[in-house]
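What follows is a set of structures for review.
Each of the two complexes below includes subunit A, the first together with subunit B, the second together with subunit C.
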Partner chain A sequence: MDTFANFLGGTAALFGDPVGVLIFFGGVVGGMLFGAIPGVSMLTLAAILLPFTAHLKPEHGIMLFSVIYCTGVYGGAITAILFNIPGAPENAPTAFDGYPMTQKGKAGKAVGAAVMCSAIGGTISCIVMMIATAPIADWAISAFGPPEIFALVFFGLAVAASVGAKTFWKGWLSIMAGLMIAVVGLDPVGGMERYDFNMPYLLAGIHFIPTILGFFAVSEIFVQAEKKATGSYKAPKISVDFPTFRELWAHKIAVVRSIIIGFFCGILPGIGATLAAFMGYNEAVRWSKDKLEFGKGKLEGVISSETANNAATGAAMIPLLALGLPGGALTAMMVGVFQMHDMEPGPLVFINSPDLVWVVFAAMFFANLSILFVGFLETKTIINLLRIPFQFLAPMILLLATVGAYAVRGLVIDVVVMFIAGVAGYFLRRSGYSVAGIVLGLILGKIGEQTFAQAMQMLHFEFSGFLQRPIALGLLIAGFLTIGGSIYGAFFRKGPKAATMS
Partner chain B sequence: MTLRKYLISAAVAAGFTLATTGSAIAACATDDLPAEMAGPDGFPARALTMVVPYGPAGGSGQVAQAMAQAVSDLTGVSINRDHKPGGSGTVGMTAYMATPADGYTVLEHIDDAASAHALDSARPNPAEALIPLVTSQITFSQIYIRTNEDRFTDWASFVDWVKAQDGKATIANVSKEGSMERVTMKFITDATGMQIQQISFDKGAPRYGALAGGQVDALFEQPGDVRKFLDADKFKPILTILKEAPEAFADVPSLTDAGLDFEPLFRFRGFYVKADAPEERVKWLQWAFQKAYCQPSYQKYNESKFMTLIESFRDTDGSKELITSTIAQYRDVYKEMGLEVR
Partner chain C sequence: MGKFKTGDLVEAGLWLSLVAFLFAYSFEFDRNIEIYRYGATAWPRAILLLIAVAAIGQLLNQARHSDDSATGMFAAAADDASENTQHSSLGWYLCTFVLLAIPFVYMNLPGWIVSTNNIPEEGVARVKIITAAVLFVIYLIFAWRNHVGAILALPVFFAACLEDMGFYALAPFFIIGIMILMGERRISRMAMIMPLIYGLLLLCFVKLLYVGLPTGYVRPFYDFGNWVVALLQ
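Right, the complex of A and B next:
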C-alpha cells in the first residue's frame, strides 16, 4: 500500500510540474531517436546532456536519464528490424528475425511486436523495481559472483552454438570465431597484450559496435547488391499490419520467460541489457518446437529479444539505486548526474531523497507505457522509409553505419573493422556460418573471459570450486546438457540437423 | 639492497607529508595568478578539444568534465571532450600524440601514463613528450572491509585472519601487471608476511559489488570512489596507505601506525598539452587550467571526491617532478619484482 501511495505521489510530482513534463517527453522522443540511429546511441545523447543536467533539479536530471534509458533501448529495434542495423548491441538479436520479417513484408508485425513487448517488459520490470528494490539488490550481489556470471555466459554460448548455423560444426566455429576476436587486446585481468601486432589501437580490442554494424548492415548491403546485380532482388513489401492480440497472446510464455531473463541479467552489475537480449532470444529458440524457423522471420524471436532488453532497464536501476552500483554505461552516467547535485546513489538515497526516487520510478513506468503510443505513431511513419529504392537506401545505410562506427570512439580503425566484418560476413553467410554466432561470441566472450579469470582467482585455480557454488554448478550442468542435446540432435537424431540463422 | 632504498623519493615524500597537514589552512593554490589573461594573437579562436583516454562515467571522465566546466566558466572558451577509452589509456594517448601541436587539443591522463612509461620507455613520458598544465587530483588508497564484517574488525585482526586462511583470503582491486594497486599490495604482503589472493575487476561497480555482496573479503580503493559506501556505513577503512593519516581518517591506522615501512604510491590525474605546442599558447593554457583549479565549482567537486585531504594541486614544474619521481619509483620496483623493464 505504501508502494502504491508513493507511486501516486511520484506521479503527481512528475505531472504536476510543467518543466518535469517537458523533460519527460523530451527524454521519451530523444531516447527513441538516438536509440534508432546506429552508433549515435542513447549513450551519445546522455553524454551530450550530462553537463546540462547540472542546471536541472536533481529529480529532473535523473528522471531524464532514466527515461532516455527506457526508450533508447527500444529505439534501436526499429532500424534492426527495417534495415538489419541494430541501433545498439542489445537490439542485435532483434535483427535475427526482425529483418527477415521485413523481407517477407511483415515489417509492421515485427515493429508492432517490438513496441508491445518493449513496453510490457519495461513496465513489468519497473513494477518489480518499485516493489522490491532493496532485497533484490542485496540478493543479486551476494548470490552472483564471477563464477556464477561465467557459468551464465557458458550456458548462453552453449545455447547459441546449437542454433547458430547450418550445421553443428559451423555453429560452434562461428562462436569460436567470435571468442577469438574477443581476446584481441589487453587481457581483462592481468593486462597482458595479445594479438595487437604492435598497433596501439588494437590494445583496446575489437569493439563490438563496428563489428555488429559490419556483420549485419554492411554484409546485408553486399547480399542485396548481389541480388540486385543478378536480377533476383525483390524490394520488401510495405506493411503496417500490427500483430493481433491473438498472435501476441500465443507467445505469452516467451514474454514471461524473457521478462524473467531480462530482469535477472539487468540486476547483475556490469551485465545489463545486451546479455539480457541474447539470453532471451537463445532461450526462446531452446524451448521452441520450431527451432528451424528462428532466423527466418519468426515473430517469437523479436518478442523474446525486445521483451528481455527492456525488462533489463528497470532491473538495472535496482543495484544503482539500492547499492550505487551501475549495471551498464548509461546507469554509470546516472551516477555522474547524482554527483553533480552532491548526491550519491545508494542506500541513503531512499532515506535522504525518497521524493526523487519515486519521481524517477513513476517516470520510468510512464516512459515504458509511452513506448506503446509514441512507438506506434513513430513506426507508422518510419516504415515508409522502406519505399526508398535500394540504390538510394543502400548508400544511406552505409553512410549511417560508417558514421555510427566512427562515432563510437572517433577512430578510423573502427570504420576499417566494420568494413572487414562486412566483407567477412558476406562470405561467411554464403558458406552457412552464423554472423549472429560470431557477434554473440564476441560480446559474451569478453564478459566470459573476465569472469572466468576472476572466478579462477576466487576459487584458487581449482575447477572443483564451481561444484561448491550451487547456482554456478546448475548453470554449468545446464550448459553441458545443452551441448549434449545439440550433439545428439546433430549426429544421432534423424531429420534436420540444426536451425539455420542466415 | 632493500626495496625501501629503491622506493624513497624524498621530494614526493616530503611534499605529501607537508601537504597532508598544510592543506586545511592554505588558501587555494593559484589565488595569486592574475584573474584574467589575454590569449596570444586571439588564441583560442575556437573551442578546445580535450582527449580523455577513459569513458565518461569513471574517475577520469568526471574530472575531465569538472575541469572543462571550470575552464569554460573562467575563460568563456568551450571544451569538447573526446573520450577514447581502451588499453588502459594507451588508445587515448596514441590518438592524442597524433593530433596537431597547436594548443587546441589537450589531454587528460592519470598516473598510468607514468607507470606505462616506466615499464616500457617507448611509451610517451608525460613529463617530456607533454607539458603538464596542472595536476588537479592526487589521492591515496585504503583497504576496506564490510562494516558488518564479524571475522575481523580492524587491520590487526584482518592480518591475523588472512594469515590463518593460508592464501585463501581475497581482496578486490585492479591488479593488472605493474599497476599501482598491484605494486602496493606487494609492498603490503611483503611487509606483513600475509598471502592474499587479488581478484582483478577493471570496473568500479562489480568491484564494489564484490565486497558488498561478500564475494571477496576486502577491497583496495581510493576513498573518493567509495565515498557513498562510507557515508552509508556499508564499508569501513581499516588501513590508510599514507605515512600519516589525514584528519578525516584519524581513527584509521596509517602505514606508520601499522608498522609498514614503504613509500606509498599515489593516484593522480592531470591535464597536458604537447611539448612542441607554441610557447605563448602553452602559457595561456597553463594559466587557464591552473586558475580553473581554484574555481569554486572545481573545488567543490574535488571536495566531494575526498581530493582535498592531501594537496591535490601541482603546477607544471610540480607535476613534472611528481611524474619523474613516480617513473623512477615504478622502474625500480618493477626491476625488483622481476618485470621486464624496456
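Right, the complex of A and C next:
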C-alpha cells in the first residue's frame, strides 16, 4: 500500500511540474531517436547531455537519464530489425531474427513485436523494481559473487556457441575469436600489455562499438553488395502489419521467461541488458521445438530478446539506487549526475531523497508505457526508410557507421578497425561462422576474465571452491552439459538432427 | 569418415597457424603478477587451446559429414555461405587480397618514402597526395576485374585516407564511389542524392550535435574541411 501511495506521489510530482513534463517527453523522444539512428546510441545522447544536467534539479537530471535508458534500449531494436544494425549491444540478438523478417517483408510484425515486448518487459520490470528493490538487492548482491557471475558468463557463452553458425565447432570458434579480441590491451589484474604489437592504440583494447558496427552493419552491406553484383539481390518488402494479439499471446511463455531472465541479469552489476538479451534469446532457442527456424526470421527471437533487454532496465536501477553500484555505461553516467549535485547513490538516497526516488520510478514506468504509443507512431514513419533504393541507402549507412565509430573516441583508427571488422565479418559469414558469436565473446570476454580472476583469488586458487557454491556449480554443470550435448550431436548425429541437441 | 577437402584443410591450417603465432607472442608478456598466480598469459592461452581443439573438431566434423551441406544448428549462416559460390576461385581471392592491401600500402608507404629520401616537412603532403593518386589508379585497374573485391576495399581505402584528407573532402567521393559500385549509373540521380546525403549528415552531426569530424592534415583537403566547418557554425 505504501508502495502504491509513493508511486502516486511520484506521479503527481512528475506531471505536476511543467519543466519535469517537458524533460520527460524530451527524454522519451530523444532516447527513441538516438537509439534508432544508425551509428549513434542513447549513450551518445547521454554523454552530450551530461554536462547540462548540472543546471537541472537532481530529480530532473536522474529522471532524464532513466527515461533515456528505457526508451533508448527499445530504439536500438528498430535499426537492428530494419538494417541489421543494432543500436546498442543489447539489441544485437534482436537482429538475428528481426532482420531476416524484414527481408521476408515482415518488418512491421518484427517492429510491432519489439514495441509491445519492450513496453511489457520494461513496465513489469519497473513494477517489480518499485516493490522489491530492497529485498532483491540484498539477495542478489549476497548470492552473486564473482564465481557466480563467471559461471553465468560461461553458461551464456556455452549456449551462444550454438547460435548462428553453420556447425557447433564454427560457433565455438566464433566465440573464442571474440574472446581473443577482448584479450587485446591491458590485462584486468596486473595491467600487463597483451598483444599490443607495440601500437599505442591497442593498449586501450579494441573498442566494442566499432567492432559491432563492422561485424553487423558493414558486413551486411558487403553481403548485400555482393548480391547486387551477382544479380541475386532482392529489395526488402515493405509492410506495416503489426503482430496480432493472437500471435503475441502464442509467445506468452517466451515473454514471461525473458522478463525473469532480463530482470535477474539486469540486477547484477556489470552484466546488465546485453547479457539479458543474449540469454533471453538463447533460452528461447533452447526451449523451442523449431530450433532450425531461429536465425531465419522467427518472431519468438525478436520477442525474447526485446523483452529481456527492457526487463533489465528497471532491474539495473536496483543496485544503482540501493547500493550505489552502476550496472553499465548509462547507469555509470547517472552516478556522475548524482555527484554533480553533491549526492551519492546508495541506501541513504531512500532516506534523504525519497521524492527523487519515486519521481524516477514513476518516470521509468510511464516511459515504458509511452514506448507503446510513441513507438507505434515512430514505426509507421521510420519503416518507410526501406523504400530507399539500396544503392543510395548503402553509402548513407556506411557514412553513419563511420561517424558512429569515430565519435566514440575521436580516433580515425576506430573507423579503420570498423571496416576491417566488416571485411572479416563478410569472409567469416561466407564460411559459415557467426558474427553474433564473435561480438558476444568480445563483450563478455573482459567480464569473464575479470570475474574468473576475482573468483580464483576469492577461492584461494582452489577450483574445488566452485563445488561449494550451489548457484555457480549449477550454472557450470549446465554449461558443460550444453557443450557436451553439442559435441555429441556434432559427431554422432547426421545432418539437421544435430540441431536438436542443444 | 570421408575425405579431407582442400578448403577444410586450409581453414584448419589458418586457425592452427594463428594459434601458434599468438601462443608464441604470449611469451612477450609472460611475467609474474604478484597477486595473481596464473599471470596475464593463462586466460589467452586457455582460449588458444580451445581454438585449436575446435579447429581440429571442425576438420574432423567436415570429414565425417563431407556429404552434408549443413550439419549445424541454424541455417542462417549456412544460407550466407551457400550464396557465395561465384566468388571463390583462387584468382578472385588473390585479386581481392591485392585490392585490400592497397589501403595498408597507403598507410605505410608515404612514411617510408619520406624517411628514406629525407623529404622536408613541406613536401610530405605532396608525397601523400601522389601516393594516394597512384594507388587509386591501381585500385581502379583491379576493381575493373573484381567488382565485389572493389566494394570490400573502397571503405577501407576511405578510412585509411581519412586521417590525412579528412571526412569533409572525402565523403562526397566516397558516396559517389559506393553508388557506382552498387550499380547506379544515372548521373542526374547521383548528382542529386550525393549532396542530400552529405548535407543531411553534416547538418545532423556537425551542426546539431557538434560532433567534430576529422578535417585532415594535407592541404588543400584540410582547408576545404575547415571551410565547411566554418560554414556550418
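Keep in mind that, in the parts below, the second predicted complex is superposed on the first by the 490 of 502 C-alpha atoms of A that agree within 3 Å, B and C clash if a C-alpha of one lies under 4 Å from a C-alpha of the other, contacts with A are read in each partner's own complex, and residues count from 1 in each chain.
Going forward, a residue touches a chain if its C-beta (ideal position, glycine included) is under 8 Å from a C-beta of that chain, and two chains touch if they have at least 3 such contacts.
What you are looking at is a predicted structure, and each value in this text was computed from that prediction instead of being measured.
S.K.: What does the overlay on subunit A give for subunit B and subunit C, a clash or a fit?
M.R.: By the criteria stated at the top, subunit C and subunit B fit after superposition, with no clash.
S.K.: Residues of subunit A touched by subunit B versus by subunit C: which partner has the larger set?
M.R.: More residues of subunit A are touched by C.
S.K.: Classify the contacts of A:S464 with the two partner chains as first (subunit B alone), second (subunit C alone), both, or neither.
M.R.: Neither subunit B nor subunit C is touched by A:S464.
S.K.: Taking the superposition as given, does A:V335 touch the first partner, subunit B, the second, subunit C, both, or neither?
M.R.: The answer is first: A:V335 touches subunit B but not subunit C.
S.K.: Looking at the overlay, what does A:T381 touch: subunit B (first), subunit C (second), both, or neither?
M.R.: neither
S.K.: Contact-wise, after the overlay, does A:G145 reach subunit B, subunit C, both or neither (first, second, both, neither)?
M.R.: The first partner, subunit B, only.
S.K.: Would you sort A:G185 into first (subunit B), second (subunit C), both or neither based on which partner it touches?
M.R.: A:G185 contacts subunit B only, not subunit C.
S.K.: Touching A:A453 in the superposition: subunit B (first), subunit C (second), both, neither?
M.R.: both
S.K.: Using the touch definition from the top, say if A:G410 reaches subunit B (first), subunit C (second), both or neither.
M.R.: Touch partners of A:G410: subunit B and subunit C.
S.K.: How far apart, in whole Å, are the nearest Cα atoms of subunit B and subunit C in the superposition?
M.R.: Across the overlay, subunit B reaches subunit C at a minimum of 6 Å between C-alpha atoms.
S.K.: Residue overlap on subunit A between the subunit B contact set and the subunit C contact set?
M.R.: Looking at subunit A, the two contact sets intersect at 189-190, 192, 410, 453, 457.
S.K.: For subunit C, which residues are in contact with subunit A within the complex?
M.R.: It comes out as residues 11, 15, 22, 25-26, 29, 31, 33-40, 43-44, 47-48, 50-51, 54-55, 57-58, 60-61, 64-65, 68, 70-81, 83-84, 86-87, 100, 103, 147-148, 151-152, 155-156, 158-160, 162-163, 167, 171, 174-175, 178-179, 181-184, 193, 197, 201, 204-205, 209-214.
S.K.: What residues of subunit A sit close enough to touch subunit B in their complex?
M.R.: 47, 50-51, 54, 138, 140-146, 185-186, 188-192, 200-201, 203-205, 207, 269-270, 319, 323-327, 329, 332-333, 335-336, 339, 342, 344-348, 409-411, 450, 453-454, 457-458, 460
S.K.: Residues of subunit B touching subunit A in their complex?
M.R.: Of all residues in subunit B, those touching subunit A are 55-58, 61-62, 65, 69, 82-88, 90-91, 93-95, 167-168, 170, 175-179, 197-203, 205-206, 208-210, 212-216, 227-229, 231-232, 234, 300, 304.
S.K.: Can you list the residues on subunit A that touch subunit C in the complex?
M.R.: For this pair, the touching residues of subunit A are 37, 40, 44, 48, 96, 100, 162-173, 176-177, 179-180, 183, 187, 189-190, 192-195, 218, 222-223, 225-230, 232, 291-292, 294-296, 390-392, 394-396, 398-400, 402-403, 406-407, 410, 412, 415-416, 418-420, 422-423, 426, 429-434, 449, 452-453, 456-457, 461, 486-487, 490-491, 494-496, 498-499, 501-502.
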